[in-house]
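Chain nomenclature is as follows: A, B and C, assigned in order of appearance, with residue numbering initiated at 1 for each chain independently.
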Amino acid sequence: AETSVTLYGIADVSIRYVNTSDGATGADGSRVGLANGAISNSRWGLRGSEDLGGGNRAFFRLEQGFNIQDGRASDSGRTFNRLAYLGLDGRELGILTLGRQNTVIQDLMADHFDPLTVGNYNENSWLPAAMGRVRNDNTLRYANTLGGLAMVASWANGDNWDDRKAGEQMGASLRYTVGQLGLGAAYQHTRAGTDSSARQRVWNLSASYQFDSAKVFAGYFNGRDETGWVNAVMGGTTTADLERKDNGYFAGVTWQAGGSWTLTGAAYYDRSKNIVVDGDKGRRYALVGVAEYALSKRTQVYGTVDYNKVSDAAGGEISGRSSVVGAALGMRHIF
Amino acid sequence: AETSVTLYGIADVSIRYVNTSDGATGADGSRVGLANGAISNSRWGLRGSEDLGGGNRAFFRLEQGFNIQDGRASDSGRTFNRLAYLGLDGRELGILTLGRQNTVIQDLMADHFDPLTVGNYNENSWLPAAMGRVRNDNTLRYANTLGGLAMVASWANGDNWDDRKAGEQMGASLRYTVGQLGLGAAYQHTRAGTDSSARQRVWNLSASYQFDSAKVFAGYFNGRDETGWVNAVMGGTTTADLERKDNGYFAGVTWQAGGSWTLTGAAYYDRSKNIVVDGDKGRRYALVGVAEYALSKRTQVYGTVDYNKVSDAAGGEISGRSSVVGAALGMRHIF
Amino acid sequence: AETSVTLYGIADVSIRYVNTSDGATGADGSRVGLANGAISNSRWGLRGSEDLGGGNRAFFRLEQGFNIQDGRASDSGRTFNRLAYLGLDGRELGILTLGRQNTVIQDLMADHFDPLTVGNYNENSWLPAAMGRVRNDNTLRYANTLGGLAMVASWANGDNWDDRKAGEQMGASLRYTVGQLGLGAAYQHTRAGTDSSARQRVWNLSASYQFDSAKVFAGYFNGRDETGWVNAVMGGTTTADLERKDNGYFAGVTWQAGGSWTLTGAAYYDRSKNIVVDGDKGRRYALVGVAEYALSKRTQVYGTVDYNKVSDAAGGEISGRSSVVGAALGMRHIF
C-alpha cells in the first residue's frame, strides 16, 4: 500500500526571565531573553504509516528538536535526536519498534502522569528528566494492551565493544485505566555508557484522576544513580563511585477553565542522599504555574512562573544562590 | 484551523572561476570549480500559516542554507541557519515575529534596494553583508504598514550571562513607496557577543525607481565597527580596540531585456578608515554584471562576471593581490 | 511549470550479530546490537522535477543518510551527504547534473551489477566501496543513451587552492543491454584531496544475465591506489608512498523464489599487493546470503549472514582475527 508521509512539528518560542546564571561567575545573573518553549521543545519531523492488510501496519517516525531562537539543533550530534524508529503493529500481537525512542518512564510521564507532560525548561522538568533519562539509542521495544492494561517492555544495547553491557538499558512499564482513574508503574535499569558496573535504577508509581473539567496527578520516584546522570540534570557535580539516592514526589492539577483558558499547577519535591560526599543529604523543590490561552486548536499563547529552591547538600545544584525565580511569556504553534 | 505545511527551497549551483586564492599562500591561485549560487544560496525549508479568524494569522518559517556542490550546511552549527521564527499577524495591529531572523538592513537590501538582492559570493555581497550583518539570533521583531510607509523595529538579546548586553542588537527601518519611487532608511546597533563595549553602528539611506522595463537603485551606508565583523566579511584582520569606519555606496540597474532575458549591473564602493592601524585609510570597489535567462518562472540559467579592487590600507582584504576577477555560469531552480 | 516536491526515504533497521570488534583491544568482541540496514542505509530526502516544455526537464535531489538506531547523520559534516544536485534533462541532448553525486562506478554497481546493489555493512560492501569510492563532491556529470548503450562521463574538482588538481576525479562508464544480457565497463581516476600526485585508478568490467526468475551477476575490478582510500575501507593502515594494487572479483545470484521471497547469494574476492610494505601480498574474500520476505511492495523483513576471511598481508584488515562471522535480522520500509 502507498505510504503517506506527513511533515509535522511544533514551533514554540518564549521570552524568558530567570534570576540566576547558568555561568560560573554570575551569582546575580538575572536576564531576559528568547528561549525555546516552556513546556514543549520546538521540533519537526516526518512520520508515515502503511496498511499491510489484516489490520497490521508498518510505521516510522523521525523527529528533530531545535531552538527556534537561534536555529540550532537541540542535540548537535544527531539529525533526528528526539525519535528515529521503524515499527510493526501486529494488532493483538502487539507493537514492536526499533530505533532511538523515549524511555518507558518518559512516555509514562509525558503522555499520562506528569502535570506538565514533562516541561522543557531545566527548572520545570528536572525531576522526570533525571529519573527517566528522556530517550535512548538502540532501543528494541514491545508494547501491548489487554483491556485497560497497557504494557511496555524495552531493551537497548550500548555502543561499547570492550565492555559489552556498558550503555545497556532495560525498562518496563504498566498502566491501568479504569473509568476516570489511571495508575502507572515503571522500572528502568541503565548502565553507564563506558562502565557497565555503574548503574542507574529507578522505579516509579503514579496516579491520575479525571474530574469534569480538572485532572489531578501524583507520583513517586525511587532512584539510585552511579552514572552521574542525575547530577548532570540537576546541575550538580558528580563524585566518582558515589551512589546518589533520590526520593522524588510530584503532584499537580490541570483545569480547563473555560473561555479557551487552561490553568496548570505542579509541584516537584526531591530528597537526595550522597550528592557530593557519601552520607550527605539534600532537598530541592519546584513550584510551577502555567496559564494557556488557545487562539485555535493548534496555536496557544501562554504565561508561566516557576520557583526552585535547593538546600543542604543539594545547594550546589543552582549556581550561586539557593533559589531561582523564572517567568515567561510564549507562543506555541502545532503544525 | 488546519495548518498547511509547505516544503520549499532553491537549488542553485554555479561553475565558478576566480583568479585569486582564499588560501594563505596562493597569490596566483586561479581556479575553476563548482560553487553555490552566484546570487541566491541553495536552501530548503518548511513554512506554514494558520488562519485564526478576523484576518489574524499564526505563521512560522524554518530554513536551512546548504552547499549543493558538497551537501554541507552553510552553517554547520545550525539546523535552520537562515530563518527560524514563529509569528502572529494581527492585521492593523502589525506583525510580531520571534526567533532567528534577517536583520532590518538585510531585509531592506535583499527585498528592495540592493540591485543584486544581496549576492551570494563574497565578491558580490561584501558591502551589504558587512554593513547589515545578514541575520541574528534571539530576535523580537515588529512590523507594520501605514499606507505607503513600512516600518520595522527589532530587538535581539545576546547569549552572555556575565555581560548581559553583549550580543544585543537593535534595529529599525523605514521604507516609503510613492508611485515608482521607493525610499529606505535604517539604523542598526549591534554589540559584540562577548564584550558589550564593542559595538557596530550602521545607518543607511537607499532609493529605487521603477521605469518601464528597468529599475535603478542607489544607496549609502555609514558604518562604525569595533566588533571585527566588517573585517571578517571584507577579508582583513581585526586589530583590537580599533574602530573601523566605512562610507559605502552602491548603485545599479536591472533591465527586463525581453525574450526571457534579465540583465543586471551593480557597483559597490567603500572608503574605509582605521583598518589595520589607527588613522589609516583604504578603498575598495566591485563591479558586477549578471545576465539571466529564464527557462521557466522557476528555473533560470545565468552568467555573471565580477571585478574587485582594493587599495591603500584595504589592500590586505584580498589575498596576495590588489584585484580579483571572477566569472561563473550557473543554474537556479526554485521549488 | 509548478515543481512538485516529493519527500521520500527508507527506514531500515537491523539487529546485528558480529563476532569481532571494531575496537583496538577486543579480539573476541562478539556483540548483538541495533544497526542500520544490512543492504540499504536509512535515508530521507527531497526531490522534484519541472517540465520545461519539449520534453526537457529541470530536476533536483537532496538526500541525507542517517542511523535509525541513534538518529545520527551518516556523515556528521554534511546535511545532504548522499546526494545534492541540480540537473537539466535535454532528451536527445542528454542529462547534465551538478553537485554531490554518486561516482560512475557506484551507480553501475548499485543499479546494475553488484548482486547486493552495494551492501551497507562494511562486511558486505567493502569491495565495491573501496574500488568505486561511493560518491564525490563538486561533480559535473553528463549522461546519455544511444539505443541499448548508456554512457556517463563525470569530472569533479577538488577543494585545494594551492594544489589545484588535488581532489580531482574523472570517471566514465558504458553499459550495454541486449535482451537479457547486461554488460558494463568503467574507469575512474581520483587524486588525493591534499596531494594531487597520489592517485587512485580503477577499471571495471561487469556482466549480468536475467533468467526467468533469477538474475546472475559477475564482475572484475583492477585497482591501484596511492590515496589510502582502499586501506581505509578495508580496515587496514596506510603506509605513505605505497601503491596498493587490487584484483577484485565478484559474482552472485538473485532469485525471486516465489511466495514473496527473494534469495540472494554473493561472493567477493580480492587479491592485493603492497598493503603494509612494498611487495607484500594478501587475500580477502566474503560470502553473503540474504533472504528477504516482502510484507508489501514497500516493506520487507529480511535475514542475512556474512563471512569474511583475510590472509597473508591483508590479515590486518580485521581486528584481532582472520575471519568475521556476521548475521542480522532486519526490516526495511520505503516511503
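Everything that follows uses one rule, which is that contacts are C-beta pairs under 8 Å (C-beta built on N, C-alpha and C of every residue); 3 or more make two chains touch, one makes a residue touch a chain.
Every value quoted in this text rests on a predicted model; they were computed, and no experiment measured them.
Taken as a graph of touching chains, this assembly is complete, with every chain in contact with every other. Shared numbers divided by all numbers used gives the overlap of an interface; between chain A and chain B this overlap falls below half, so the copies present different residues. With centres set at the average Cα position, the gap from chain A to chain B is 40 Å.
In chain A, 7, 64 are the positions where the chain touches two or more neighbouring chains simultaneously. Those residues of chain C that touch chain A in the complex are listed here as 7-9, 11-13, 15, 21-23, 25-26, 29, 31-34, 42, 44, 64, 66-73, 76, 295-296, 298-299, 331, 333-335. The residues of chain A lying in touch with chain C in their complex are 1-3, 5, 7, 46, 48, 50, 52-53, 56, 58, 60, 62, 64, 75, 77-86, 88, 98-100, 137-140, 156-159, 161-162, 164.
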